[in-house]
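Below are two complexes that have subunit A in common, paired first with subunit B and then with subunit C.
Moving on to the complex of A and B:
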């Protein structure tokens, strides 16, 4: 029997999963290169959303202009974040420091610090409350197909996710900078010894990852119709779970796991209270870590 | 010590002495009475704390100017609870240790208010929350008061309204916390007593902003109506997603959704929402008009129901202080609060039951029509 409500739940879950996937792509890219979690990724997402909303409120330009502007903001945010929270920990170039876990893991806290400061500053400037996206620019119009309800935002997010994923694969496998990103991800010391400019590569990775994070932010803001300073936190955590389940540094793995998480949560809500469906996500994370310690798609040599 | 240092020290001593004696003159005439105010001033609930602070500051300034309490000045001491029960308890301990404080306003949520209430109950400091509506809050001790009608009053009111409009099968969506639980239990009992049926109860975790799965699940049961127990941001997200999912089930809500913010955020999606409230910012009543005008002049925003609750709570506290006079202490303030009767506030006439300390107010029925809250006659 065709159950429209159940299929509708799958649609709901798929779109939530895509939101997680959009964030997870940038997250995983940066992790792959640095082998450290960038805790400020959720704030890049939030800053991208706010930048887009400010632009829309002021001039209401077409969507493509908003996205280009947000990409620029994301690039600057990524560059600034790297400069502030990551670069200072790479100033020692001797082999012991380069191999030091402590050095690398200190950036875990410095990125967390940056994320808290950015969030509090945004809260001070724009207020802690939700801000609406002007209604004309929202991507919340219903699109009825048979018994199923979609919204314009779901199609845009789907398109963006496909484009980002394909664009990133192109960048990684068809360009020189992609080659150096893969080299640094694979073996940072080795890459350095063969003459790759690792500093430049890391900066490029942050710029690319943050551009994706920022674009994800504005698209999701248009889809939900609002922005708020803590908007990056909850989906950021789910994206992190997807990244870990996918094997930490596999971008296709993270995307698949993100969509799987979204679907699992939606289907779980059919049987449990919404509060419990969160448990499903973390339950899957636990199961993955117990039975597949390297993640579902991890373990291969190539780390991006 | 050199001579010049001694001279300088002596001069400084004289200066301090002079300053002290100058300060002492008004201090003799003007006693300071402090009220503690604990509310979330940062974090996710900071917007509520902000409007409480606005309203309370305004109420105290008006009171000090009015000369209702000759010989004393009332000051407010704010502390940020971040909507965290642990913080709430720490603040309560701090307020209890402050000898100037005779009464406390706040906190925002039932959860934090009830955590802090344990401290106030032990130390004997009157606490008046503008919003804590959990049924057990005032039962903690004789020191707890509130200026908001509880769900025990509001739930049956809306249930009767919905049943009267022929809505027999109703689904409930509420936030998963102490307050949300009381929304559901009171409403459900009233609906079932009135011959209706609650088809499903859906709780969601605080912080969740995607209601599509819950709405889809609720729509499957095909209820006649949906009842929402949540705050304005969650409500706005839900209403937008309801429109987008093309779920056209009539929707009722708790008074907590009565806020201009809801319409700003949800836009046309909020049309048709029905709710009860004690405060209407466009009410023609002179007390309400005066309050709304001054609030707008000061803070460039229309006061929400939350702002109005805090304004009345502060004024009820101040009226009780004025009744006792400048010699007010914690015990006499409590007794005066318990006698509050027919207080003409902006959220309707308020009377505290001297025994249960539960307030009674008049509720109005509202519906959103064309982007405006309109009174339902």
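Moving on to the complex of A and C:
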């Protein structure tokens, strides 16, 4: 059973898991601070991918320039998204509004609405079909190591995942803004009392999370070789599942679960028909919600 | 004469419901003023309005004569008004040291180190627990942390919202001793309490609130003798 083919499947599953992890990191960061799911995160990922591909198609600059450009686009997208879909719902302070389900749902729906609008606009502008990445820029060059074959994209994605995870840990635990982000995630009211500008901190969180989402988008696009308007949906769902499995607001937990999910899907294709492996994520989601409502790693309720 | 804090005809409304209906009070620089009143009369609402957490619907709050009504909380903290709020609102999943660090705001370097040393001198229990999660502290220690965190902001005015709530009698005494110690450093204190007896002992001035209004005010020693106070707050039921 542990033949080269199976190991190759694991390698590919690991890469897919890293893709989920890249998205899950920003997703979980934003959830940790606002305690609200940002349904538009998959669209930020998609917009990052399109922005990068448009730039590549026009000028074919080096990869690093593409990534920097996409980071800037992600930052603007995160800022805009927060102002548009989240800020308006934070002005209420009476208990009735704060506790009301309608308010929570309104915030959920507003990010969903933004995501739908963005997807539709991209579809109108660029068309609904898959749009190939110029071949020279694709990260699909094969790299043979023994019996296993890798592609350059897998290494880039691995490097990016490590860099983003480490960078975020550095930001959260070694910088002033990171301290503020963790404080707002832990206790938003307490954060106000120590003089933190919570609005600015929330914007910073969206910017950081969206920069990560956008960079994930372009890297994955270069790895798979194409972009399409709904490309954010499936990985967004997987990242969501990873976040829930990881305990909702634990970034390390989400990363581990994202990789696990990728591996599980790869193994499942061994035993199940093609379409069925898509059910894996939903199956895990159900099992987690039924048997581990606080995530797989026990009741660790630490935010961010 | 201008006081450090002057509140005039303050009104706060939540949804359709008026909570504060014209509250006026003064806190002199370096003084201790207490606001007494039973549950639900609007004491916390008053404190939150001063800190800019709740929006003020009418009236004025002045600090050193300058209006600060409806400024943001971070502005008000920067102007030297820090609060040890109701429910403590500490960062339970962060360490004790991080909590104190956050209280210091943007101040860093030597100044911060000195403040931290001073705070740990005041709260020796916290020194042993610096790297512990704040949520793992006992109730009394959490209250100390809450006050210590507010003091790290070097307030000119410290707002304390029921600091003795839920503490054992020995700790309650410690808290009120602490209030007296803080005053000696020149920090003015606005103290909200249901423990009227202890509050009146440390305070210079006292105000009594009932359903969103000040109904009685005067020097603490006088109010301590007032029969209405004795009947309502110093008599049988102690909160």
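Everything that follows uses one rule, which is that the second predicted complex is superposed on the first by the 285 of 304 C-alpha atoms of A that agree within 3 Å, B and C clash if a C-alpha of one lies under 4 Å from a C-alpha of the other, contacts with A are read in each partner's own complex, and residues count from 1 in each chain.
Methods note: a residue touches a chain if its C-beta (ideal position, glycine included) is under 8 Å from a C-beta of that chain, and two chains touch if they have at least 3 such contacts.
Worth saying up front: this structure is predicted, and the values here are computed from it rather than measured.
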First, second, both or neither for A:190, with subunit B first and subunit C second: second
Touched partner set for A:283, first subunit B, second subunit C, both or neither: neither
Touching partner for A:159 - first (subunit B), second (subunit C), both, neither: neither
In the superposition, subunit B vs subunit C on subunit A residues touched: B
Contacts of A:293 with subunit B and subunit C, given as first, second, both or neither: neither
First (subunit B), second (subunit C), both or neither touched by A:128: first
Contacts of A:88 with subunit B and subunit C, given as first, second, both or neither: neither
Contact residues common to both interfaces of subunit A (with subunit B and with subunit C): none
Residues on subunit B engaged by subunit A in the complex (per definition of touch): 42-47, 50, 176, 202-205, 207-210, 212-214, 216-217, 219-220, 233, 236-237, 240, 243-246, 261, 264-265, 267-268
Residue ranges of subunit A touching subunit B (in the complex, touch as defined): 5, 8-9, 12-13, 15-16, 120, 123, 127-130, 132, 135, 140-142, 144, 149, 151, 224-226, 228, 230, 234, 265-266, 269-270, 273-275, 277-278
Complex contacts: residues of subunit C adjacent to subunit A: 14-15, 17, 51, 53-55, 72-74, 77-78, 82-83, 85, 89-94, 98, 101-103, 105-106, 149-150, 153
Partner subunit C, residues of subunit A touching it in the complex: 93-97, 176, 179-180, 182-183, 186-187, 189-197, 301-303
